């Protein structure tokens, strides 16, 4: 099998009628990399994938495959495999025939075909249903067949468009493991579109977070989670969502009304704030500790506890209409308790209220 | 919903049934009556003295197998021609962009609303100028294009997910293979049900062949039937009913063979 | 797919277009020719000396508005009757369980495959026995039940999610309100497209009224047209073409008014 | 508003043709309780809900509403509201009209109607789209409209059939909060069907876990998670899944080959094992600690680390083809490290290999 291909998008735009769906996007996908395009529905992530696949024309800019302009290449030259959200299995062909069809059309030898098919049927646990038609398959089997049809081409670029969104939650964990296994085995470049942040975090070497036709941030999962570039990324990643409080800078402190959220801003960031400037204070639910209330603490009342088994979600009201979500493993807290709220200082995130940029 | 209160529905359905089914029963019933009995008790459902004499007379008087063959042959030609032209035109409308596409589609569908009666004469004149009167080609040619078929196949193609064709495109499958290996099998239920419709329509076609065909040897069943019912022909009702009964055999056999597809009909696409 | 290689498709579509559209053009064209010109150059697309004389003659010779009114009146009656009976029957088939349901549905659909030619005589005899010859009721009654309509509405009802009716049932909405407030509005596109089809078919109906109507005052357009084209009538082609052109006006207006529904047609259900 | 109704199912069965879909089910839902029916697709949870609603007939047994047989009651007497998975909004009516329709048909006074509609539009943030038709709504708006149409009846029983499965992951958190709020406000009995364990844990006062037409366990979320009654419940609840190892009892110890998983079974359970008996050893991923390897530990190699931001998932291979999934917040572990595996003793679960029952 060949190595993965390098994909570059240079100032790529896509207009649909008069709407700009993709706005001058630059993106580099390294050979053999697993890149996830993550974003809410309608952010343009699927359109980006389809432009790379050549299914949508590019309104401006260039898509380069190993430095060559992809628009002039035939589908055979591009050598792409793609898995669609609806699987797009040929309904008139069995699982084996679905796997075999493209190879057969391109006159790959029978022996090679049979060998590859058998290997894939085995890897993806599809042997029992090899002669079934798509309508006779379960959701998970359809998904694996679609995956297999992509794998059998042994292409240098593998595109996946929300391949797990139509299967049961219970099966997704297994399917994720399979996709990870496939990527480890082959050295293909993979571009994977999803709206599910857990999937993105689990799979991506790097994640490109998109919103509104623009890439908001491209980085490793760790960077994205802990150092989001702007408010959108901070809010989109993480479940439960990050706690955000609009607060005012006051003499190197950050205050929300009478509450002092940060007592030494310089410790957190080198950014020069103006006095009385309003900024967003952000803290993820797991970076808050609840303790016995002391004078120096922000103090609140526990209003709700939801037990998720592995952890608890605790809602703490620290002022009227101002609550914090806290994730904790401590099971001693009760609803009604008065608690001290301690923020994990090096995890505090600050954002500009105007443009949403991270100020840390 | 519940099984109660179905009496009203039953009554309603019985009335509908009388209007729809009774004439067929009369037809069958009278085909087994003698001319005399049919005169006296034409609405008698069960013949008092059932006889096969009408069928025997038909066997002697007309070339029954020739008639059936002529009708079948022309209906088959028309069916395949229409299916082929409709599928190709529908593919063009669904998958290609060209100028005036929407306008052209609009005009095509408009032809559905032009009564055949009104374009019969222009068609006749064209066929006459082409020296095709009294030929099979003359009967078949003007029927080869059908806007209903184009419309139904375009609808059916719309329901095939775009992703299926995109996968094929990414895999570099040539277009003719997409048509033969994917579109035709996926549209099979539509082809069968629309095909059955075309066949039946052509089988029952009466007015147009009357104009084109003069030679008794190339007559079709509806033309032969006319001999027994038109003002020019006789008024031997039981004989006409016997020929009518023969005439519905082929369509009914087709219906029974393809009922699964026909009952699922027009709206299904073969995708689950 | 790409915009290239569309030349072949264009040629193909042009041929299809010739077969489908040309006769209509000939019809319109000849309606503006004099009798003399049409004899000499009947296939001339643009009349050399266009004239309105044929239309003027028609205005004088026949009661044009009477004809249009008769045709319109009967077509409207048939359309509403068929829509109503089809919807009720389809609701019964879709939502009620009763014995022989599937068999009955099978028989209903089978009547689609019985050529009208063959049941014309039994129908005629029933109408005659009921003393309804030469009456509007005689023309309309046997057309009131239509298996195609039952089938299409049953299909359309199948596509309405069961949950919609279940919500209504849980909320205790009476059945007649479900029919009036939910089913009819949801099926509106189907009612319009199927209704248009019914109307056009009835508008163009030619053979059946010929049998029932003898009184010139109750004649419909297709019957009047026959006077100019049948062996009994004259052979004034341009005059026939003018009447033909008038005859397609109403169907085309209906098509243009409801094109949105008709083009989306049979398969849509109004649910997004 | 009236109080919630008491629902009882007594030996309820449902046959479809010759298949038993529901097998002699008993279930008690207390007045005002929020009960979640949880299970994989096809387990019969929706059928159970539909039998309670009266949309499906009961093949055997009884459904009781406040002790009265529900089969003989009209829909008005039952006074149920239901939200369907596909929302089932009347497509020919606007949001307001959808809310109003049932009230109008039952001749509720105009003033009362208007008042209730306005309150619901406000609560569910639907004022802006009050005059839109369903086809003009976003997924979340449709879902809230369906919820509102259920709420407006002020019924004593509210049935919800997977109401969140068709909306974006991002919106589900908010929607869950709304449903919780509704339940807190009103004292209705709620029966909620879902296949999503997180939803079930978050919402249910009690959860009834179903599989194969039978209730496997009915209990509070905490009980279900920490003391699953059998193997099915243990595997179905929790993500990532519980680690399960088939092991042998040997002289009060539990061994897998050469590995000693438990050195004092009596400390865990009073159950009397037979010598050499094979049982399943189960431990949830967060109940495993990784330490420096010592002699007394089970020792393994870290083969994969997936960073989910809030936590890390670490795969440890403790023998050939035998791996453990571990959830940890510790970010110092590296792939390839040799680690000691410590099981949190009081969280160990033991199951019978024959009938899957919990042996703790």
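For reference, chains read A, B, C and D in written order, and residue numbers begin at 1 within each chain.
Here, a contact is a pair of C-beta atoms (placed from the backbone, for glycine too) under 8 Å apart; a residue touches a chain by one contact, two chains touch by 3 or more.
Bear in mind that the values here come from a model prediction, so they are computed numbers and not experimental data.
Visitor: Roughly how far is chain A from chain B, going centre to centre by Cα mean, in whole Å?
Guide: One centre to the other, that is 56 Å.
Visitor: When the C-alpha atoms of chain B and chain C are each averaged to a single point, how far apart are the two points in Å?
Guide: 16
Visitor: If I count partner chains per residue in chain C, which residues reach a count of at least 2?
Guide: 169
Visitor: Taking chains as nodes and touches as edges, what kind of graph is this: line, ring, star, complete or other?
Guide: ring
Visitor: So which chains actually touch one another? I want all the pairs, not just one.
Guide: Chain-chain contacts present: A-B, A-D, B-C, C-D.
Visitor: In the complex of these two chains, what residues of chain D are touching chain C?
Guide: Those in contact with chain C are residues 53-55, 74-76, 80-82, 84-86, 88, 90-92, 101-102, 105-106, 134-135, 149, 153.
Visitor: Would you tell me which residues of chain D are touching chain A in their complex?
Guide: Listed in rising order, the residues of chain D that touch chain A are 40-41, 168-170, 173, 195-198, 201-202, 221-222, 224-226, 236-241, 284-286, 306-310, 313, 327, 329.
Visitor: Quick check on the complex: what are the chain C residues that touch chain B?
Guide: Residue positions touching the partner: 1, 3, 6, 9-10, 12-13, 16-17, 19-24, 26-27, 30, 42-43, 85, 88-89, 92, 95-98, 104-123, 125-126, 129, 141-142, 144-147, 150-152, 155, 159, 169, 175, 200, 203-204, 206-207, 222, 225, 229, 237, 240-241, 244-245, 247-248, 251-252, 254-255, 259, 262-263, 265-267.
Visitor: So in the complex, the part of chain C that touches chain D is made up of which residues?
Guide: Chain C reaches chain D through residues 161, 163-164, 166-167, 169-174, 177, 181-182, 185-186, 188, 270-272.
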